[in-house]
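Here come two complexes built around subunit A, the first alongside subunit B, the second alongside subunit C.
Up next is the complex of A and B:
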């Protein structure tokens, strides 16, 4: 039975691959075949050992591209992980007589462990990520110099000859292995970029608060990318050190990390093969700079570093896009190459997840919530209850604490006092992503969508919180469960878009949509998390009067699914159209609560807020 | 497809062979790490090659060959030495002459093609072992011999020696031999210290050495370290005798201390003797030949009489001698195939540049015997053999001024 299922899944995978196969794939295959043939062409100017080292470097850079490009974390520590992998592998081979393959794998695991130990940096802002990882690069290098008993001193650790995959480890064998590793890494990175992990990393890069509000776990996702990048770097280091035959600290100085980042930015962090292209360009420049350095009687190492620094400034000055994205745009402009987004294929295997039963009738109960910022009380003694399918509105003048109230309910800020209960579960201390998982979703007031994503991709970010098989490894390996779940997620995301009336713009980039459409996309993303409670901030902001009816219909559809809504609104017409109940906040306190008519007739409310306005 | 390519690849990577009528000799030296050493080795090998080629080339089997020297810069980096060795093997080198950088790694690569490696500068223990590294040879004084001779020379004088070494690979290797040499006389050691190779100011360390009661310093390190030690000691008015390995003769020291020539006076170094029992004539002939081809190696300083000081080409002898031994092996083998040449290197002997016999055998790949270590002392920017050592006192002073 298992064999039959495997056959079925393989058949499906082959069918998908055949459907996706096109001229770019043929070009890629031809390029790989040509590259693999290079050592056998006996080209006199080609040094196969140098080529192999370059390809190992490209492997490291490709993995770094995921971290820099997709996750937006400019790591200057990749060289440190290469060094950890290299020296771990070298020590095991030289001193413990290990074969090369397990030694290299041990190097990769050591680099992974180092990444996990140092992984706290992923929560920092990009500038501090760069600074911290740069410090790591120095730390590792200085550590190697300080312990010559480990590193072999200035001349390094000699790595004895070993076979590689049962073959005599000549430079040619290393080149082919490195090329295979590059292809596999690129395929894996491409799959991750396209899949849920890539979407989440992109979302975290573009708008971290919005991504977190949709349940994306910032620390876990970024750490995953950081660790994956380190693992690949360690593996490349563990293999390349055997080719070099010497593990010497001088080859793993902080400049290696700098060069890798330059390669990523030069080639294009946004493109899977951009970093490899960047490494190739740096290699060609090194070939040219050798004779130039000799002519100018400059040490080549310093000259090389100067060239890399100049290139970095050049790339950043031109916008930092990189060679491959530029080339892709030019080719697309010439009609030679079109960026193809995978077509949506919703399979029959999609299975609707059962809605969670909420006991007791109340879906949300908040009691006595308080939040003060220094001496300023933003919210005090806020209590409210929601039942399934109810729509309540929270209104009040600017600065009355409405958004703070939403932030308290969603967990974006910790309450100074009070309690939040979802169903029968106290979620007062739960993090925002945990609350999303438990059923409280929120839209943000100012940042509504992820600018580089399409409407569908935006909603898929929200959907990812419900995925079980959306991890990096499963996505990279395209396991049957991951693929099935991807199709199911796309179906759910399309349903969410349909519910808000935007199914037709699923493939449109969000920055091309109108303001109201973007707010609806944000609503769909929150709906994709399958909430029990939806906290909506300023749904009608920037919306024309003629669109209010449409919004009211959307809210009605959401309510009919049993979801409780709490809307923060300035647009009192929309409040009148959709709300069962209104709470009026003034100076952080609820000054009135009741039906629209009851609140509209209250003198206290009029005094505090409405003034010339009426509900 | 990739697996098939990998199988093909396992059989590839072999050298392309020497060009017809030419024999490639690779010289892998630290051009940008230690220019004086690199120049000495390059010139020594080049001198032998030029002489042979000038005579119409060498005859191997029934064919005439000219020797082509390919120069590689190892930057004093073992990793770079490995890359250069690969390039040399691809170029079809029949032998690799090196200062010694990276030999622990490069010998394995060269061994696959049976290409001999000749060390002509680094005397580190462990580099040469005919049993485990049958393709590694050395014509240079060994650290072991120098360390023991230094101990032999200083201990009877009743000196309390401060053993200093820098943290370069050279310094660390030498320190092991020095420790071994002085291990039987621990009372003669005042202190042991590691000096940072990159530091230019060693005042604190030398002060510590002075306070330890040392009455002499043995400094095993790069020329820059020795210069820094002399500067620190003489600046504080400490005229302690300083003993060094062959790096003490490096011109760099005298260049650094050109403004204080008296600080160099008394510096004593141990090295392989330039002249042999047969007298100074062979070496002087070699020196003339060397200077006619490359000019005298000007140190860049003058003595008290205003004469230019030149450096005798002592270390150039060693690569020169190796080339001659190699040619003898090629001729005996009747082939340029390294697999046939390598065994013959253990069978041939030639007369060295200074008249000494040079050769190897299956059990000994050292071309300079331990007994051939002498001491020389500086005075007025030139050096001469010391009078208070039995071997050194028999050796003539080689003129070093022009």
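Up next is the complex of A and C:
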């Protein structure tokens, strides 16, 4: 039975692979085969050990590419993890007499552990990430210098001969192992980039608050990328140190980290193979700079650093995305690499969960919410109730606390007092991403979409909170569940886009859409999280008068699905079109509540907008 | 007790220098939101430019230190440091800030750091150099050491502490009272707003990048004759300053300065203090504070630094 299922799944995977197979795949296979054959060609000008070291470096750079390119984390400390892996492995082999494979694996695990210890920094702004990874690179190097008993001092640690995968670990064996590692890393990262984790990381890079409001778990996703790249760096370091035969602290100074970053940027952080290409280019430059440095009578090592630094400044100044993205664009111009979108099959297993029955008819109940910033009370004693399928509007003059109210309900800011109950569950202490999972979604006023994602991808970010098999490891391995769920998610995302009437622009980058279309995409992304309550901040802001009816229709369609909406809205025409209940907020208090007509006639409202004086 | 006093004085002297670096990092962060990874090396460049004018690339001795030449050399060094700082901002920070590219300024300033190290390393090829001492501290007390409450303390340490404090307080006064200082505070509050009301933002920030380097360089040179200098000197001072600034999450420059003082004392204590037979020793001096601050910000980030903040 299980064997039969496995066979079916393998058959499907094979069919998918065959459908996606094209000339680029053939080129890649040919390139790998050719590369694997290099040590056996006994070319006079090729030193296989140097080549193998370069490939190990390319493995680390490829993993760093995920961190820098996809997650947008400017790491200046990749070399620290290589060093941790290398010295762990070297100590185990040299002092404890371990075989190489488990020692290298222990090195990778040590690097992983280090990444988890320091990984909290990935939650911080990029400047902090850069500063702390830079400090980490120095910490590891200074530590190696300070404790010669561990690092072997200026002599380094001698690493004895070992077997690798049952063969004598010659440079050729190392080269083939490194190449296999490079291929596996690149395949895994390519899969992760295209899959749910890649999309979430990209979303977190482009607009962190928006991604968080859609339920993406910032800390967890970024820590995953950080830890994965550290693990790969540690593994490459643990294996390559045996090839070098000596673990010398001088080879693991912070320049190694910088060199890896240069390789990533030079080759192109946005492309999976960019960093490896960058390492290759740096290697060629190092070869060429040898004779040049001798001619100029400069110490080679330092010359290398200067060349790398100058080259990087040039690439940055040209504003380039790196070699590989540039080359791909050129080739695409020539008609190569036509990327074909696989057609979607939305037949499998996707079924939206039954909407929960809500006791007492209330889906959201907030009571006594209060928030003060310093001495300024933004919201005070705010209570409100929502029933399924209603569209309530929250209006009020600027600074009356409308957006703060939405933030309190969504959990983006913690309330000083009061409670929020969703259905029968108290969510007052839940984080924003937990609340999204429980059924409160929110759109933001200023940031509506992720500019470089297509409308479909943007909505898929919202969809990712409902995925069960969207983790990094499952995505990298493309397990049957993960692949089926991917197809189902795309179906759900397309449905959400259809609901807001934007099915046709699914493949258009959101930065090319109009303001109102972007606001609708934001709605679709929030809808894709399957909310019970949808908090909408300024749907009509910047939207032309002729498009209000289109927005109103969409809101009506959303209501008819049983979702409760709370709209913060300045545009009273839209309010009139969509809501049956209006709450007026002034100085943090609800001063009036009722239908649009009732509220418009109220004295309290006039006072809130116009002040105490009558006109 | 005597050891405690020695630790305190030598720690404060080292910490005063760290503190000026830290205040520089913090000022630059608050003005632009960037971390200048070349900061330490830019100061190193100034120090070595001074050395070059003073004595070429020979290992320097006391000779030439007292002449007016020293003042000239120091001026050249300061000009190089300020100019390189301004150049870094104009060439490698500002363009990426306006483009919104984080990786641009991170990689750009790191590139400057390594390029300067490469240039210093290629020009000054010995492993270390002695910085000449313009002030005759060796004539004070017992060959430069004076006895305070039973402890032998280096006379220079008091000079360095005093100078660092004067520089720090002087720049606070500058920030609070001068027109330039007001402009800087306006930019750090709201750069767009400052631009709108007519503050020449790029000029003011570029000057701040240069002057931060000059302050740190004066303190570093005052302390330099105490130890051998090499291409790592500037880098490591910069690293200590960065750690101190990180510990206060790039808070107000005066806090960063205070964190630098604390770091100096902690380092000295780690290297020297015995508790019975138990002692950490100098190996831990540089590593432990670095480790502590990194773990601190990893497990206990300030809310302002969190990326998800709207």
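Criterion: the second predicted complex is superposed on the first by the 595 of 615 C-alpha atoms of A that agree within 3 Å, B and C clash if a C-alpha of one lies under 4 Å from a C-alpha of the other, contacts with A are read in each partner's own complex, and residues count from 1 in each chain.
Throughout what follows, contacts are C-beta pairs under 8 Å (C-beta built on N, C-alpha and C of every residue); 3 or more make two chains touch, one makes a residue touch a chain.
Quantities reported herein were computed from a predicted structural model and do not represent experimental measurements.
A.B. asks: According to the stated criteria, A:121 is in contact with first (subunit B), second (subunit C), both, or neither; which is it?
C.D. replies: Touch status of A:121: second partner only.
A.B. asks: Applying the touch criterion given at the start, work out whether A:165 contacts subunit B, subunit C, both or neither, answering first, second, both or neither.
C.D. replies: After superposing on A, A:165 lies in contact with subunit B but is clear of subunit C.
A.B. asks: Is A:269 touching the first partner subunit B, the second partner subunit C, both, or neither of them?
C.D. replies: second
A.B. asks: Tell me which of subunit B and subunit C touches more residues of subunit A.
C.D. replies: Tallying touched residues of subunit A, the top partner is C.
A.B. asks: What is the contact status of A:399 with respect to subunit B (first) and subunit C (second): first, second, both, or neither?
C.D. replies: After superposition on chain A, A:399 lies in contact with neither partner.
A.B. asks: Report for A:131: first if it touches subunit B alone, second if subunit C alone, otherwise both or neither.
C.D. replies: After superposition on chain A, A:131 lies in contact with subunit C alone.
A.B. asks: By the touch definition at the top of the document, which applies to A:312: first (subunit B), second (subunit C), both, or neither?
C.D. replies: second
A.B. asks: Taking the two structures together, which residues of subunit A meet both subunit B and subunit C?
C.D. replies: On subunit A, the overlap between the subunit B and subunit C contacts is residues 299.
A.B. asks: Using the touch definition from the top, list the residues of subunit A that touch subunit C in their complex.
C.D. replies: Residues 68, 72, 74, 76, 117-121, 123-128, 130-132, 134-136, 138-139, 142-143, 146-147, 204, 208-209, 212, 218, 255, 258, 261-262, 265, 269, 298-299, 302-303, 305-306, 308-310, 312-313, 316-317, 319, 407, 412, 444.
A.B. asks: So in the complex, the part of subunit A that touches subunit B is made up of which residues?
C.D. replies: 33, 36-37, 39-40, 42, 47-50, 148, 153-156, 158-161, 165, 167-168, 170-173, 175-177, 179-180, 244-246, 248, 250-251, 299-300
A.B. asks: In the complex of these two chains, what residues of subunit C are touching subunit A?
C.D. replies: 29, 33-35, 37, 92, 95-96, 99, 102-104, 106-108, 110-112, 114-115, 117-119, 121-122, 125, 239, 242-243, 246, 249-250, 283-287, 290-291, 293-295, 297-299, 301, 305-310
A.B. asks: Residue numbers of subunit B touching subunit A in their complex, please.
C.D. replies: 1-2, 5-10, 12-13, 16, 32, 77-79, 82-83, 86-87, 90, 101-102, 104-106, 108-109, 167-169, 172
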